[in-house]
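Two complexes follow with chain A in common, the first pairing it with chain B and the second with chain C.
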Partner chain A sequence: MHKRENSSHLIPFIIGGVILYFLSGMVDELRVYQGASIAVYVVAISSIILLTGYSGQVSLGNGALMAVGAYAAAVSHISWHLPIVVCFFIAVIAAALGGALLGAAAARLSGPYLAGTTLALAIGLPSLANQFSILGGEQGLLFDVGFPPLSLGEEFTQYKWFFWIAALATLIMMWLLQNILRSRYGRTWRAGRGNEVAAQLSGINTARSKILAFTLSAGLAGLAGAMLSMTIGTVSPSAFPLALSFSLLTGAVLSGVTTLSGVMIGAVTLVAIPEVADVVAHNLGTSESVTTNLPGLMVSALLILTVLFVPNGPVEQHRARTAKKLAAQSNK
Partner chain B sequence: MKALHRRKLLTATAVLAVFGLAATAIPAQAAEVGVTSTQIKLGMTLPMTGTASLGYNKIPGAAKAYFDYLNANGGINGRKVTLVVKDDRYVPTEAVAKTNELILKDKVMALLAPLGTANVKAVASSVNPGRRGVPVLFVNTGFSGFADAKKYPTTYTVLPSYIMEAKIMGQYIKENFAGKKIGLLYQDDDFGTDALAGFKTAGINFAVKVPYASGSQSAAAAAGWITKFKAAEADVVILFGVSSATSAMLGVAAQLKYAPQWMLGSVGGDATTIKLTGVPAGVLYNAIGFSPVPATTDMKDEYVKFFSDIYTKAVPGSAFDLNVLLGMNTAFMAAQALKAAGANPTRKSLLAAIDSKGATFANSALVPAAYSKTSHVGLTGYWVGKYSPAGDLSPVGGTYVSYTTDSGAGAVVKTTYKRPAMPAKGLPN
Partner chain C sequence: MIQLLNTVLIGITAGGIYSLMAISMVLVWRSTRVINFAQAGMALLSTYFGYEAMVRLDSFWIALPVAMLGGALFAALIEVVFMRLLVKHSSSGPIASVAPIIATLGLLGVIRAVVSMIWGAQDVRIVGPLSNDGFSVGGETLVFSPLKLLILISVMVLMLLLSLLFQKTNIGLALRASAYAPEIARLSGVKVDLVRTMGWALAGAAGAVAGMFQTVNGNGNLSPDSIEFSLLLVSGFIAAVIGGLESLVGAVIGGLLLGILISFVLMYISSALFFIAPFLILLVVLFIRPQGIIGAKAGRRA
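After this line comes the complex of A and B, so read on.
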């Protein structure tokens, strides 16, 4: 068992990739587009889970860090015509640098103070783009990764191309992240989250460990931002509203904030909710304002219900229940 | 062992879920997308909620009012025109997601009047209606770039471009305010870039130019702008911004008793919207304004009377304003395009119909449209008017004097355009 924990688990990710590859050829284009959105959310939510669930720091500013990544990718693509892989890499580095700066400040803060600081960032940072003409102001920059290569065939759609890029990036990222979380660093973060004083006593530099978590989390958010702007074709301040940071947080809570394995639940829910709301509103024949506000209402309701009934998320809940059952069995 | 079981269970669930999604996929249709024997489906994205929705959220109601009238009178060759409207809250991400729904899920035949330069650009680059062959009829923005048929092969503009407007304003300034100091407030993006290009072509030199970033307009910001205009001693101040910028400026100017000769761009010049924000009507008095369609209060105009009658019956209690008139005018032009697209309209025949007959579509505008096989340019000019003490824009001296031009170096000329008479009962013929 112990040996398994430390292995790299490469095979499940490869299998996942193969399944996604075949799936992308079977479903219609709307589903492929939604698949790309799910990939974006998976990375963005993981970034919160890493920070909040593992290292115990609250951040409401992930939308802002996504914006940093998105702008970095778009600017490097427009200015230097770099290949998309390099742009994504730059997005990760730029956001990680931003995260390291933020983390240095955050290491001195905790709880509501940290939440407040990151909230201010979420509100303020995206609109900074208005101050620099290279960032294209309110209407933003075009981020056009181009058509899929012709070798993939005439029928190969743009969204399938986006999906492939996003899914691949996500699989690689998740694999890396899972291994980091199982490593010494992951244990250090959990120790710090559990009891900071005890962690310090056992020789952990908790400040450094927090900054590292912030940096990594920001890097992930940056990648999510670059992927998001790829799927919508532009980067603009309005693509990263405060509501984005909040819905990501909701996604993380739905996923179960202390474990990475539920991340799909949050991501799929965030993509599915507008569609479910649409069907509900359509069947009820409600007014425009209800139709518009229904998704927000459903997200909020889910958040409250999750916190009330499965505070650690469905996956963790299931895990705890089976562990309890197992303990009961062995006690007999 | 337990961990392994759980993982297997999770994997199985995930795989099942994804295949479930796949199963709901609908096979491709044989006939033209969005067209059945009884229906033609169109889609629209625009802000219906949020601050940017002010005034614009009346457009779907206006367009639907006309389509309902059309459907009650036989539709297009027996097909009813339905309009699916999605709220994008003026956010590009939302515009892309909603347009995807319209094209891929609702399967509309064409997009009608999507609003906002940034949103239409984001949709063009991500959803790419051009590559999909989906017509984008009559975008609700005056950015001149959308007429580029190479870049946006299925997109047609309808509003005169911001460049045209700036050129016509420039001409008016030269004729009426020669030697005066001119100030300009403009938006620091494509909207403003277009305006500056137009004023440059017109040969206007500004005493002061004040840019603002979209979203930054507020009463506090407006106080700052006024300081700059005052310092430069501007005699004429042009407000070439969105409604909220115009309203903020006029509201603060009223408080500070700052009263230069105002000149309002058409984008932010709708009197109903400005007055809704609390700006006293008196501030608008004598300001110069521009519009491609007749004054909304001009009930002697057959189109205005017709549209106004339908709208007030369909949406009781809602004021008939410029947004409504333009919305209905656009729906009216779309109906003619669909009719001209033949007995069994397709996306291709719809585009071809606008290319060949678009310039002759009857509509309320007092300036010609420039659609042709080589041009996706819609209306090409404005009439110049002044705001009344009640704040309504009407032509100086009671007769419309309209100017026409292009988005390039072409001259500004008084147009001799004869508007086609309204077809019988306001139905496409």
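After this line comes the complex of A and C, so read on.
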């Protein structure tokens, strides 16, 4: 086999982890909290990129799948007092099961049909939580991962603890995902997106490959959902509105859906938007209704502008431009 | 017995409104081969146009055409400014196939945010032209009211007019030609771009009627975040899919069928399924007849 492809690129992720470890000690509470949010978005956006960029499907159901993961984690934590790592695993598995079901339906659909179907799911599913008392209705459930261990010292804050958990989970997940995308599965997905008929002719079972992509993407969404509810401390239907699915789509398009390497761009932007909107609204002295809707407007406007002007995302755009420049130079 | 009748009547009226939404999605699909997820946002905006007319002139019969005109102009503007840019910039590349979906979703978000900014989150009221109190038949009160009758008649009239337009006029011929063979239509002297804009304008007007009726058929309250408009979007899409996406008659049948199905699920299974029922029905439809009830023979993979 190819030696080069077998290397798992573990070292960059370890270095990244060490940098984050020191960084988390240097910034203030708010930034640490935002760091945890970025970690949540990185995982959630990756789940969209995997689905849209690698297997060519648009799903708006990821917000709903995040809710599945979050509720699975919270229920298992409350009912069985399992350790938080196990709860995260349960979140991944529960959401992945949901994703496999959805994927089985989705494999028969494509393009707008899938988008519309998952849109119906995103609107419908979170409201189901109101129907079951075990899910806590509109109020939702508490999801308390507990105080940081005392061995980390008195100074160690709750938010820093959230950040550590989230960052570690994200690093592990991204490392796994990157290796999966480099494997034959990743190639299978790319082939299916490029030309489904050609992929089938090369012996790829495209339906199975789509379901697999859906399952994996759902698992990622489930983890993101569990991480999100950890940072806000509760799980409720209102934490997973349709707007969340829209934000994730914006994040994914901004990151460039064809590659994982830009995922930080989307995640950081999504975390920065409310803050930027706040500054803008403050400086303009706008009315309350404008202020509350400004972040939503910015998210959607960014989505449109990106699709119109940098459809492949800034990373790919830059790569294409430098490649063209290099080609022009070598021609001289 | 009376319960069964009421369930059917509630379903038919709600279904009529879904039909209008489905009609507007079919019109856009036929003219530009795009599923317009912003349709509910456009309907929302048009309904607010209608509300403004209502406040000033205090007549539903003036507000409705104002909403339709506003909706048509806005939809035409979106087609000219937005869709043409989209086709120009992202008709190739790895995400070409999903770019229109993503773009219309973004448009939905923008319209919603702007409407919320202008009109605020406070509910406003639109009063219907006719009473929504049920008819009495033999001592029993039906849920079917003069207003609901009006809604059904309007849906039928609109569908009929649109069908006539498509089948009997030159404009309709141009609309059909541009959808099926844009290149050939262009060669035969049809101004394809103009025709497409017209398809969108018609869709905008139909969506405006759906929005106005949805509001007065509910409690008359209108708010930018109302879940009713999310449902309208989903139901319109589902009705269009049931109807096979290509035909106006299909859209109407799809809408009525969906309305009755949802009404039965809520009445006889559980009203808790209100939000998830459309999704479940869509799944069933896609599994049993992916080409729709009255659809082209090709599968849903295009």
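FYI, the second predicted complex is superposed on the first by the 323 of 332 C-alpha atoms of A that agree within 3 Å, B and C clash if a C-alpha of one lies under 4 Å from a C-alpha of the other, contacts with A are read in each partner's own complex, and residues count from 1 in each chain.
Just so it is clear, a contact is a pair of C-beta atoms (placed from the backbone, for glycine too) under 8 Å apart; a residue touches a chain by one contact, two chains touch by 3 or more.
Because the structure is predicted, anything quoted here is derived from the model rather than measured.
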item: Clash-or-fit label for the pair chain B, chain C on chain A; value: fit
item: First, second, both or neither for A:Pro112, with chain B first and chain C second; value: second
item: Cα-centre angle that chain B and chain C span when viewed from chain A, reported as a multiple of 10 degrees; value: 70
item: Which of chain B and chain C A:Thr231 touches, first, second, both or neither; value: first
item: Which superposed partner A:Ile19 touches (first chain B, second chain C, both, neither); value: first
item: Touching partner for A:Gln139 - first (chain B), second (chain C), both, neither; value: first
item: Which superposed partner A:Pro274 touches (first chain B, second chain C, both, neither); value: first
item: First (chain B), second (chain C), both or neither touched by A:Ser127; value: both
item: Chain B versus chain C as contact partner of A:Thr322, first or second or both or neither; value: first
item: Shortest CA-CA distance between chain B and chain C [superposed frame, angstrom]; value: 5
item: Chain B and chain C contact sites that coincide on chain A, given as residue numbers; value: 127, 130-131, 289, 292-293
item: Residues of chain A defined as touching chain B within the complex; value: 1, 4, 12, 19, 23, 26-31, 33, 37, 127, 130-131, 133, 136-140, 142-144, 158, 228, 231-234, 236-239, 241, 261, 264, 268, 274, 278, 288-289, 291-293, 315, 318-319, 322-323, 326
item: Residues of chain C that touch chain A when the two form their complex; value: 34-35, 37, 82, 85-86, 89-90, 93-99, 101-103, 105-110, 112-114, 116-121, 227, 230-231, 233-234, 237-238, 241, 272, 274-279, 282-283, 286-287, 290, 300-302
item: Contact footprint of chain C on chain A as seen in their complex; value: 52-53, 56-58, 60, 105, 108-113, 115-117, 119-121, 123-125, 127-128, 130-131, 193, 242-243, 246, 249-250, 253, 257-258, 289-290, 292-294, 296-297, 299-301, 303-304, 307-309, 311-312
item: Contact set on chain B toward chain A in their complex; value: 2-3, 6-7, 10-11, 14-15, 17-19, 21-22, 25-26, 48-49, 85, 87, 89-93, 96-97, 100-101, 104-105, 117-118, 121-128, 131, 188-190, 213-216
